[in-house]
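Chain naming follows the written order as A, B and C, and within any one chain the residues start at number 1.
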Amino acid sequence: MQGDLRGDDPLSGYSLVVGDLVGVAVFAASGASAAVAKRLDLFGVGFVGFVAALGGGILRDLVIGSVPPLAFADWRYPVTAVLTSVAVFWLHPQLSRLRRTVLLLDTAGLGLFTVTGTLKALNAGVPPVGACLVGMLTAIGGGLARDLLTGEIPVVLQREIYAVAALGGAILVTILYGAGFVGPLPMVVAAVLITGVRLFALYRRWHAPIAVP
Amino acid sequence: MQGDLRGDDPLSGYSLVVGDLVGVAVFAASGASAAVAKRLDLFGVGFVGFVAALGGGILRDLVIGSVPPLAFADWRYPVTAVLTSVAVFWLHPQLSRLRRTVLLLDTAGLGLFTVTGTLKALNAGVPPVGACLVGMLTAIGGGLARDLLTGEIPVVLQREIYAVAALGGAILVTILYGAGFVGPLPMVVAAVLITGVRLFALYRRWHAPIAVP
Amino acid sequence: MQGDLRGDDPLSGYSLVVGDLVGVAVFAASGASAAVAKRLDLFGVGFVGFVAALGGGILRDLVIGSVPPLAFADWRYPVTAVLTSVAVFWLHPQLSRLRRTVLLLDTAGLGLFTVTGTLKALNAGVPPVGACLVGMLTAIGGGLARDLLTGEIPVVLQREIYAVAALGGAILVTILYGAGFVGPLPMVVAAVLITGVRLFALYRRWHAPIAVP
C-alpha cells in the first residue's frame, strides 16, 4: 500500500483501499462513458477514464507535496481506471441500462473522495480552509478535467448540488478532525452524509441558484 | 502571514498583502463576471472566480516548489476570492456600470501579480529566464483558466497587449533584482509601468500582430 | 546543463540535449502552426508553441518532484520553443510546403520525449507502471494542452496510433531499464521503434478502434 494513506491516517487499512478503488472505478466509468459518447477511440476512452478517475487525486497530491502522486506511485490505481474504461468501451450499450447504478456509485465516489482528500490535506499540514478546498477539488477535479477534455463546459459548474455537497462534507470532516473525531466511524458517516445530500438533491431536483439576468 | 511572502522578500509587509488581496479580488470579479455571463450557478461563479484569482498563483507555487500553494495555505486568499465572486453574483447588473473601474483594477492586478510572481520565483532560486516566465504565468494563468473553464479560446492569446506587458514587466523586475534594486520603490515603479503600458495600449487600441494569411 | 539530466542518467551528454532541443523545436512548431491557423496574435503563437513544446515536460517534472521544471530551470528550452514559434509565425506560408518534414520531426519528437520522460521517472524512483504513464504523458501532454488552448478536442484522443506508440515505447524502456540495458544504444533503439511504429501506422492508415454505436 505504498504511498497510499500514510502514517497515522485514521482511515488506512484494507477496507479503505477497496473503497478508494471502487471510487476510482466509478469515476473512470463516468469518464469513459463521456468519451464513448464523443466517439473517441479506445485510447481516448482509456485516457479520459484515467483522468476522470485520478485527475482530482493527482491535483491533490501535487498541492500537498506528495510526489509522485498516488496515481503513479501505486499501480492498482491506474490499472483499475484503465480496465474499467476498457470494459465501458466494450459494454457501453448494456451500460445505459445500468444508468441508475452508475449514478449511485458516482455519488458514493463523491463522498469517499471528499473525505479521503480532506483528511490527506489535514494530515499533510494544510490549514483548515485550504484542506476543505483540497477535499472538494479531489472530488470534483476529475469530472472537471473529463469535461474539458471532451469539449464541454464542466457540468459541475452548472446547475447541480454536486460540488456544494462535497464542500459541505469537507467542512464537516475538518470540524470532526479538529474535534478529535478521526476514527473510521465519523469518516464513514461524513461520506454517507455527502452521498445522501447529493442523492436527495437529485431526487428533489434541487439546483444551486443562477444569477438573475 | 504564514506562507505568504517569505524571509527576505523585499516586498513583504502589511501593505503588500493588502495589495495582493486587491489583485485577488479584481481577478475574482473578472472570473465571476464571465461565469455569470455563461449562466453558471452560484457554485460555478464562485469556482471560476476562485480559479481566475488564484490559478496563476497556484501554478507559480507548484513550479517553484512552495507547497501547499498560498491559495490553500493562507485562508485570506480563497475567502477574498469567493466573497468577491458571490458579491458579483448578486450585484452583477450594477457592475456593468462599473466596467471602467473593473478594467482599471484588473490592469492594476496584472502589474502587481507580475511583480510578486517574478520576485517569488527569483527568491526561490529560479534562473532569470525561468523567473520571467513564472512571473508572466502568475499574472495571466488565472485568466487562461477562466477562459478554458467557460469554453472560450483564452482572450490573452488573441489580439491584446496584455501578456506582453506582463512579460516586459517581468524582465524589468528581473533586471532590477539582478542589479540589487529590490526595495519597495523599484517594485512599485515596475508594477505601475506594467499597468501603464497595458492602459496605454488599451487607449491607443494597440494590438500584437497576427500572421498574414 | 543545470537541472537537465541528472546524475547517472544513461542518456546525459551533449548529444541528448541537442536531440531534446530538436524535439522541443518540432513540438513548438506544431503548436505555433495550430495557433496561426486559429488567428492568434504573435504572443498567442509563442505561448501555444511554448506550451506544446514544454507542457508535457512541465507536467512530468511536477509529478516526479523535480522543481523548478526544466522549462524554467534551463533557459535553452524556453528560448528554443519561443524562437521556433516566432519563426513559424513569419514563415508559415512556406511551412505548408514542409508538411511532410514537420510530420516526420514531430514523430521523432514523440519517440525521444517518451524515452527521456520514462527514464527520468524511473531515475526519480517512480514504480514501473507509473513510469510508463509519466513517459507517455511527457510525449503527449504538450499536444493535449495545445488542443485545449485552441478550443479543440485533443486529436490524440481521437483516431490515431500516436499515444499508443508512446505507451508501447514507454513499456519497452521500462523493461530494458529493469533488465539493466540502460546505455545509449537500447534507448536510441526504443526511440527509433516508437517513431517507426507511428510512421508505419500513418502510412497504413491504422487507427485505434472506436466503440460500436
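Note that a contact is a pair of C-beta atoms (placed from the backbone, for glycine too) under 8 Å apart; a residue touches a chain by one contact, two chains touch by 3 or more.
All of these numbers come straight from a predicted model, not from anything done at the bench.
Subunit B and subunit C touch with mostly distinct residues; of the residue numbers seen at this interface, under half occur in both copies. A turn of 120° superposes the CA atoms of subunit A on those of subunit B, with the angle given to the nearest 5.
In terms of their C-alpha centroids, the spacing between subunit B and subunit C amounts to 29 Å. In subunit C, the residues that reach two or more other chains under the touch definition are 62, 148, 151.
Contact residues on subunit C toward subunit A in their complex (touch as defined above): 62-65, 121, 124-131, 133-134, 144, 148, 151-154, 156-160, 163-164, 167, 207-212. The residues of subunit B lying in touch with subunit A in their complex are 2, 35-36, 38-45, 47-48, 50, 58, 62, 67-69, 71-75, 78-79, 89-90, 92-93, 148-151.
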